[in-house]
Every structure is written in structure tokens, then in C-alpha cells.
């Protein structure tokens, strides 16, 4: 047998500035993905896996090179040194775990949704601000090559004015014990809309319609609509009962329309130079009638996208925002905006679909971290 | 040159009972399709094309064997003998034309929507009842092989209890001068839902969300939701601004889920034996939690469908209902139910998406014709 | 009733130069399509339908405005005046009908394949040359917007050097009484390849493999391969037994690769800026090994195509070539090249797939008409 | 930190009979996949990774729990105890490595193709027979749920008599330094055909056509055809230059036709009850003409397939065949049949596509192991 030093370790030695130390809290569905990406990131040293079920933690930790495991955050903080924690516990526990970590001066990234309520989210942001640590939302989809490309195309006005956004995320899904289909799936769509629109996600009100035809005690099928600037509208369809899987977002623009079909690896993004030309009328209905509608039936274009794992970019962004002392691209504030819409959706749902005002988005913090 | 009698005419001579005589009123977009199908039907004799623009009428009439043309219904009735008329004029004129034809004792089939308002529709039904003529709605999609098959599958309980219906009908569409996208496109979806559900289309209330981002003066993008029996829900998405064309209806059932993709001629209908098994809880939340959710991941099946033109079946059904003295499968009452939902949708849209009660469905008539 | 002159007739009156008169010979599968397009063409006057089965001819002629019908070419020539004939009779009769029409000084367009044998084709070209009439092959696919676009893209070197062509045309097909699957389907692929390549279709030899697993007496499944310039290769797959329908041609180029999927109306042509970069070695194998292979993973582009019926463009080209006294874009010579390859394919098939030399392409004619 | 024993190790302790020990030889493209599957298999203990490039071996070994690495087979055999080796080195070295392992009494599984020549394959089989060890071919695709299902459907005569097989495997591929596109890709198709046909892969002769349009020194595009029993034919298309990725096999049968689209996870297998009915004629051409052809346009059915990694089933089969002292389902003889066809294809290619006789399939061995 030949003794060989770990080549990945050698690569990490070359990294400057020094590696940041991180622990992953929660070894359920998402935690192992986070752990694997921190492990292979050139910016991070994965120092521990934390889970009340330590056997489950060990199953994640062992194949990654016998990473130490702990049962609780307190034991982690007592037992080893970390700069940051990544929280992938059930949503209802995000607040308590994050607040404890922030209080201990650790940077925090939290799986979506940021917290169980908007008030919790506000408290987390204020606390992170006060402690001078980074609070980031793990809005993974924002770091896919597709979402990054869409953000770039919208920023350079390739689509023109946004006319509508329609997002469908349906699949035979795991009916969650503690959240409905909106809270389970819509954060993906909402966080992406927040990410790609220059102004972010800021509807004044939302309307949600849902159904629970199986009698599970919560909505399994749902439709969420809200207004976008300039009389445009967004619609999100989430569904746990569909035998077919669709993950598609259509972004209609005055210049071009973009379709993101996430399940078509050969053509994830298509940009259609097709649409309706209609000069907005400024004065009267008579003038509107006089204006001719015309159609643009131009080419379709599908930009090449790099093959990259979104989560690898997310953990890199977490490291960068810490080292550069800045808000991350999907910072706590983005997480709060998603939370605001989800809460309003729940209220609308309870009221039979009535428009429900979104509580608020902007909280004033001393800094912007 | 050899003189040959018209072979189609010979075929029609063999038809028993005697051919019914029909005129098509309106030679715009839909009229020519009606005319062509009456012309080739073994049950009908196409006697005239009526349009205020007689040149337009002639363009339709000439290639069909120099069928006579008239400028108005009055001229038609004065000039030739017909048993029935098919009305394909703009929606706002349906009422006046149909009432005149009914008053003259002619059977009437009307392009969707039946009328411009529910009150007009009620008056038309009452008038047809009083005159003893058939009043039929040309809900063409109901006569497609796909819709007929779906109706049959639901009737034999192949899908189980309906859990949700989701219908998408989007395309770069002709922005209509006098109706919005709901009135233009949703009648197709609504009439099919009315046709395939054993109980027909009878929501108590509907909610509609729409947008007019181009400033055309009416909604160009819309979402319509309403409850179905047993806590199920229906959603209809109509859109004139989409560069891609989708015509798809998903019908989720407790046993199986059916997907109708009308633009996939090689597999229009797919029946998925996949879904979520969940025993409906009768008592407490605790019991619900205890109940295990399981998944069915069975086979997919795509029934063969005959190649038939829907409109040919529709004109046959019109003849049959006249000759058998019965309500047609898409009778005036079906047209009225679609109208009721459209009107409630318009009210909801005006109220910002608030649930709007559907005025009413059932009108009591002496007979059932 | 209002008397209205035929508006199409009025339109034709505006045509300059005077309309050419044409008769369609053969009222089976393809003839009615030709007749309909001549009828609606602004350049032609459809004067007669000819078929030994005069009832069948009348079925085509009557709905087109009681066009006269004849049983034979001789009766046609005796009974009415025509400038040209379009031949859509069974392939084995093309030669006799065309030669008689040419001898009578009429211009001729012939459904594919041009004739039953290469020798027949040569005689037809020589005869047309001697008589000073146009002889054209109805290679309809060449007039599709897709094929026209592909020809244009290759002409402007958008694809670079052609590396391979792969054409698949499979479907549950009508097993023909007198031809095998190569003669039935491959003329489409061959005529398009002839049309789009700047040098036309000129392989020195071809190899054909086929099978007749049902014992019909002729190949029902077939593969045809031949070399293209610069060590490229073409492959054509034809199949009458496939339950799925595919009509796809891939044209691999050194710069870009084009896929023509004729059954995808929303994206018929896709141009992939993807491929392998490999500098061709001029000297030794050692040098070849040293050269690095790299991959280009660029964008995909789908050009907008006009909606046009290919056959309408074909009949226009027939008129233009007559009036301008020139060879048509799919002239007799093109028909002859396709015939050469089909004959060589039949020989190869008989020899178990051995390469079979193509008899010859170029025949010297005084003029080039 | 809590000390936790490796839970996978605990699971393996429960395994009866005792775990087999295996080393993976070759840490390039395929070796890591083999290593990972042996590591997680309940039947195996992964004991070593062998690669001349020990750093590359370590990159594979470290994350799998610091598995020992060796530079050569000799060092492996000297340094640790193994029952079996899995060979994933370049194809030209399979023979030498396998013969050495067999001589040392180890069971051997070899990545496709079994060897570089048929003679080498024969020697390997004879040697394995003499040594009483298992020699297996890693024909991974045969262990996919799709291939297993197809084998089962054909065995129960669901497709009827096979009429044609058409397999397409094209992609922008890695141009291999030492093999052409046939040797690189066609083993997948050939091994599957061998696996699913009750009689296995036994053509008498094959014809291959290829092209090297980039001047790489070997075919990059290829078509392989051969006869199947009952006048059926098989065709395989392999291509390294295609920008689109297709992995599709169509198996036409007299009862039904099956399409395996490996890149469509939602409907990998479709079984079409569509086809041509044609009673095979026993006597004369005249009788054949008299027989009517009819079409079956029945339903389509897509069986549910389990989600399983093929390689996990392959390593299990390797263990089972060792422990049960039997030939494995893709034994050395299957590897030899694939090799026979590949060699004949190379000869045909060199002769310009001429049919080339397959050297031989059956070698007589004392036992059948």
C-alpha cells in the first residue's frame, strides 16, 4: 500500500485567505447536500455535522472523511471552533437555532424559508446586524446557471418591460407534516422572482387559492397571484398531487419572452423574439381602438449555460460575503421578502382567496450587512 | 370532356331521413369552418351563407359549389327555405340574430359564447322552449375524440374522485376588439369541464385575476379558479401574450390522473396510475398525522383515439337532436352555465379577484328541449 | 340572393403576364393537392383533371368549380388547350405520360420520382431539351420554408464544412403495391440533400441495407449510406413499420450543426453552435495525437420561418421557369440525380449491401433548359 | 464530539454469507463508479483501488473511507487479500490484467469491451474455465430497469416476432485516443441486444459504414447493420459529433413495438399496440398481392420502472454468480459475442462497408462457468 496525502486537502492548502470553518446543522434531506458542497469548496473547511439524531449525523459525516458529529449547537460551540453554521433543520426551528448562533457571533446561512414567521425573520435580521455577522438565505435556485443568466438578461433589458411571470412547480410531492404546499414549494419561485427583478419582490398584496381534496389538513394544490409593476402580474402554481413533474417559469416581456424549463437539460432557457406589439394609449379608448396590434414572429434563441452545481456557488457566495463584509446576494432581507409574501398568502388562503396586504418589506437597519 | 354528376350529391341522395337545410350566418373566422362541415355532412344541405359583407360571404360560398349568399337574416328568410341557422357572428350580436331566427321557428346553433350576458341567454332558452325549436351551443371542443374519451373515462370512474383540474390555454393570440381573454378563450375550458363532469359546471363562486400590461383596455392574461365538489379545485389559465402555444388540461383523480395535451397528436391523452394515497381522516388532527401517506407509481396508459373532426360530430349532433326532438349534448343550458361562470369571472376581475357568486344555473322550463 | 362575381377570378384577372393553363393528370393521393394549389395560384388557370377513373377525377374537379375532366391525356389534348401538365400518376407510368406531353409541346412537372429508371429519365430530359419545353421534378420538400432556409444557411457558410447528414423518415406507412420503402420515401430526403448542398447530390457509390420481415415481397425498412465530399457521410433511414412518426434531418457542420424536426411546428429548425474543434492533421499520426480536441458549447438558435405551403411555391416556380425560359430550381436534372441514387440503392440492396456505383449524373444537353 | 461507529459497516456485519473482497483496477472515468457501488453494496467489501497513477487512485479512495491504494496488480496481490477484481483500465490492457488476475485465482469483471480482440477474449474464457473463476462482462446497461423490463416483455412474447431493432446513441462525445466510435459506443447497444433477445446476439455477418470528417484518424460517425432471425434487421447509429444527445432503441415487433428513450425519465419505455398486419405469404407473389394489409392503431402503454442504479445490480450479480458457482447473466461469453461483432464491424469498415462474416461465437468449454 502506498501512503498518499489527501489531494483535496493539498488543494485547500493553496487557498488564500485562510479557510472558513463551518458546521452543518441538520442531517435530514437537505443537510447532506450542504455538507458535501462545503466539503468540496475551496473556501471552506467542513468541521462538524450536528443533529439530535447522532447516528443520522454520522451517516453523513463518515463518508466525508470522519467529520466530527455533535447532538446540539451548544455541544458544537463548546467542542470545536467554527466561523459559521448552515442551518437545515425543520423550518419551525430556524429561529431558535439561528438566534443562538448569531448570539454566539457566528455567521449564519439558513435553508428556505428563513423562519416560520415574518416577526421571527425581522428579529433575526436585527440580531445579525447588532452582532455584525452575515445572515444569508440559502435560496439555492438563485445560484443555478439559469437564474443567473435570467437576472443578467433582465438587467441588460433584453426582455423589455415585464408583462407577466408564470411559474409552475408541480410534482408528486412529499406531503410535509408541518407546512402546506405554498410554504414547501413557493419559496423557490418567490426567491427567484426576488432575485431576477431589479426591484426585487415587493407586491403590495397577494391572493392565494388552494385546495386540500385528500383531507390532509393543509393545502396540497395552490395558486398564488400578485401584481408586478406596470400592471403586470405574477402567478405561481404549486401542486403535490401531480403525476407529472413540471418546473417551468415563463417571463413575458415587451421585447422578448423567456421560458425556463428546468427539466430540459438540453434547452433550459429559450428566449422568444415573438410577441404582441401594442403602443400603449395615453388618452382615450377611441385612440386605443385605432391603434393597430401587430405581431412579432422572430427567432428563438437558447443561450448556452455552464454546467455548475448551484449549491457550490451558494457556499462560495456565503464565504465571499463574510470575507468582503457585505450583504450576500440572497441576504436575510431577501429571505424576509419571501417570508412576507408567504405569510400574506396564508392569510389570503384563510380568507378564501381575498387579496391580502403584505405586512412589510423594509426594515431599517443601521448598516446594510 | 366527360360529364359526371357530383358524387357527394349522390351520397346525400341516399340519406334518410330527408336532409335538413341550414344557413351559416357570419363569414368571418369560424363561419367558413361551419360551412365546410355542413357541406360535407350526410345529414345537412348547406343552403346559404349570410354576411353583411356579401363579398366575404361569396368567398366562402363560391368554392363550396356556388352556394347562395345573403346580406341579412331577413333576406335569407325571405329568399330561401331553411330549417336551421348556425350563428358565427360577433358575440354581442348572438342574442339579436338568435332571437329573430327562433321567432321565425328555426333551430339555432350558436358559436360560443352563447350570448353576451346571462339574461340574454335565459331569454334565448325561454324563447326556444316556447317556439319548440332546438337551441344548441357550438362547444366544439366537447366533440373532439379526446373530450369524448375523457367524459367516458370519468363516467366509468376510471379516475376516481376528482381532486383538481388545471387547464392552460395560452398562445400568441388575436387581441379581440370587444372581449377580454377570459371571454375569448375560457369558454373552451369551461364547456369541456361542463361536458366531462357528471354534475356539469356548477361552482357557487369563482375568482378571477387578470392583467392588461400592454394597456389594451382589457385583460390579456388571466387566471380563473373555482371550487369543485369534495374540496377539489379548478384553475384555468388563459393568455394572449405567450410566445409558446399550450393547450393542456390535467384532471387529477384519487385513482388516476389524466393529462390531455391537445398539441401532441401522437399522445393526446395520458392516464397516469400514479398518485398519493391518503385515507381521509374523519376525526382529529392527531389521527391525521398518524395516517401514513403512500405513493402509487404505476403505469401510464395512452388510449388510441379515432381521427375525427370535432365539428363534423357537432353538426351531426345538431341534426340528431332536431330529428329526435331532444336537447343536444351541448344544449342551450350548457351554454348558459358557461355564460354564468364568465359573468361571475368578470365581476370578480372588477373587484380585484374577490370571490364572486355565480348568478344561477337552473332555469325551469316546461319541457327540456 | 345577391349575385357576386367570384373574387378569386377577379384577382386572377389582375395577373400579368397572362395565366398559364394547366391540367393535372392523376387524381389519386397527390393529384388533388396539386389541383388545389394550381387552382389558388395567381399564375395558373386549372383547366382539367385527367384520370382513367373519371369518377375519381370528378370528385377532385367538382369542388374546385366544376373543372372539366378527361379520361386520358389524348382526350385532354384533343378537347382543351393547355400549356402544361402536372403528372401525378403511378411512378411506372411517368415516362409514357411525360413523353407524350413533351412530344405535344407541353411543359411538364412530374411527381417524384421522375421516372421508373434512369434511362427513362435521360430520355425525358433529352426529349424536353429537343422540344424546348420545361421538365421539372415536383420535389415538394425543397419548397418548404425549412429547406429554403437550410439552403440559404449552407450557401452563406453558416454551418461550415458539412461533416455528416442523417435523415430519418419513419412512420406507419402505406405499404405500396409497386415500390419498396426506398423508392417511396427516400426521394424526399435525396431531393432535399440535392437541393441544399451547393454541389448537389453526386455520390460515386451508395450502399443500401433493407429488410422485409413481414414477407411483403419488398423492403419495408431501409438504411442508405453514401459518402459526401471531404470524407463526410450521409445516412437515410426509411421505415414503414414504425409506430412513431419521425421526420428529422441532422446536418453536422464544422462550424454549427442544424437539426430540422419537421414535426415540431414550434421549432422546426435548430442551429447548434456546438461541436468538436479539431485541426485537421496534414502529416503524421503522431501529429494528430498531439493535437488537442476541444469542444464548443455555444448557444442554440432557431430561426423564424414563414408559414407557407410548399406546393404553392412549387407551382409558382413552375410558372416562373416557363415564363423566364430557364431551368427550374428542381429541374429534370435534379430528378435524374435522385433517380441515379435510387437505382444504385436497389442494386446495392440486391447485392446484400455492397457499395454500388451510381450510373451517372451529367448528361450533356445543348441548352440547359 | 460523540463517537459513532460507521452505520454502513454495521449493516454489512449483518450480511450472510461473508462479504466478498474486491479491488477496483483503474481510477479513470469508470473506476470511481465501480468503487462507489462496491463500497455501498451489502455483498462486497471494497479493499483497494489500483492505478499506476497513485494520486488518481487516492482521489477515489480517500472519500470512500481511506481505502488502500496500489500502483499495480502485483502490488495489490502481494499486499492485501481479495477474492475478485474489477478491471476498468483502457481496453487494450484488459487482456493482460485479466489474465494475470485469473492466473492468481481471482474472479474478474471487466468493463466493456471484454478485450481488444476476439482471440484475447477466447483465451480469457478458457483461462477462467481452467482456473474455475467467474469471468463477467460489465455490460452495465443490461442492468438498467428498462433493459430488464424489455428482456422480460420479449420473453413473455409481448412484442411478438421481432421485425427490426434500431438503436441510436449520439452525443458530443469524447474522441477517444485509441478506439473509434464503434468500439466506444456500440458495445452498449450490442450488449443490450444480446441480453434482450432470447437467442442472444448471433449475426452471421455485419456491415459497417463510417466517416472521419475531421481527420482524427478514426471513425467518429458510424452505422452498423446486421440481420436478425426471420428476415428482421438491426441498425445501430453511433456518433461523437452530434450536438444533441439521443439514446433511443426501437424494437419493432409483429404484435407491438417498444421504444426505449433513455433520456426521458418520465416515460423511458413506451409500448405501442400499433403496427401493420400482414399475413406472411407462403406461396406466390400473386397471393401476396391479394393479401390485404391492415393497420392496428391501438393504445400506448408505459410500464412503471423502479428507480435503481444499474451498477448496483451489476455488482450484486457478480457476487451472486460467484457464490452460486454459475455463469453471470452477462458472462464472459456475452462479452465474447459483443467482441465478435465489433471485430467484424472493423473489418467491414476497412472494406468500405462490405458484409463481413462474424468470426464465431461459441467456444466449447468443459463447464459453463
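Per-chain residue numbering starts at 1, and chain names A, B, C and D are given in the order in which the chains are listed.
In this text, a contact is a pair of C-beta atoms (placed from the backbone, for glycine too) under 8 Å apart; a residue touches a chain by one contact, two chains touch by 3 or more.
Note that this is a predicted model, so its numbers are computed, not measured.
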Neighbouring chains common to chain A and chain D, by label: B, C
Of all other chains, the one whose Cα centre sits farthest from chain D: B
Centroid spacing, where centroids are CA-atom means, of chain A and chain B in whole angstrom: 41
Centre-to-centre distance between chain C and chain A (centres being mean Cα positions), rounded to whole Å: 54
Interface hub residues of chain B, defined as touching at least two other chains: 244, 274, 297
Chain D partner contacts - residues on chain C that touch it in the complex: 161-164, 166, 172, 174-175, 177, 207, 209-217, 220-221, 223, 225, 227, 230-233, 235, 237, 239-244, 250, 252, 254, 257, 259, 272, 274-276, 278, 280-281, 285, 288-289, 293, 295, 297, 352-355
Interface residues, chain C side, partner chain A - complex: 267, 273-274, 297-304
Chain D-facing residues of chain A, complex: 1-2, 4-8, 48, 54-55, 57-59, 61-65, 68-71, 79-80, 244-245, 266
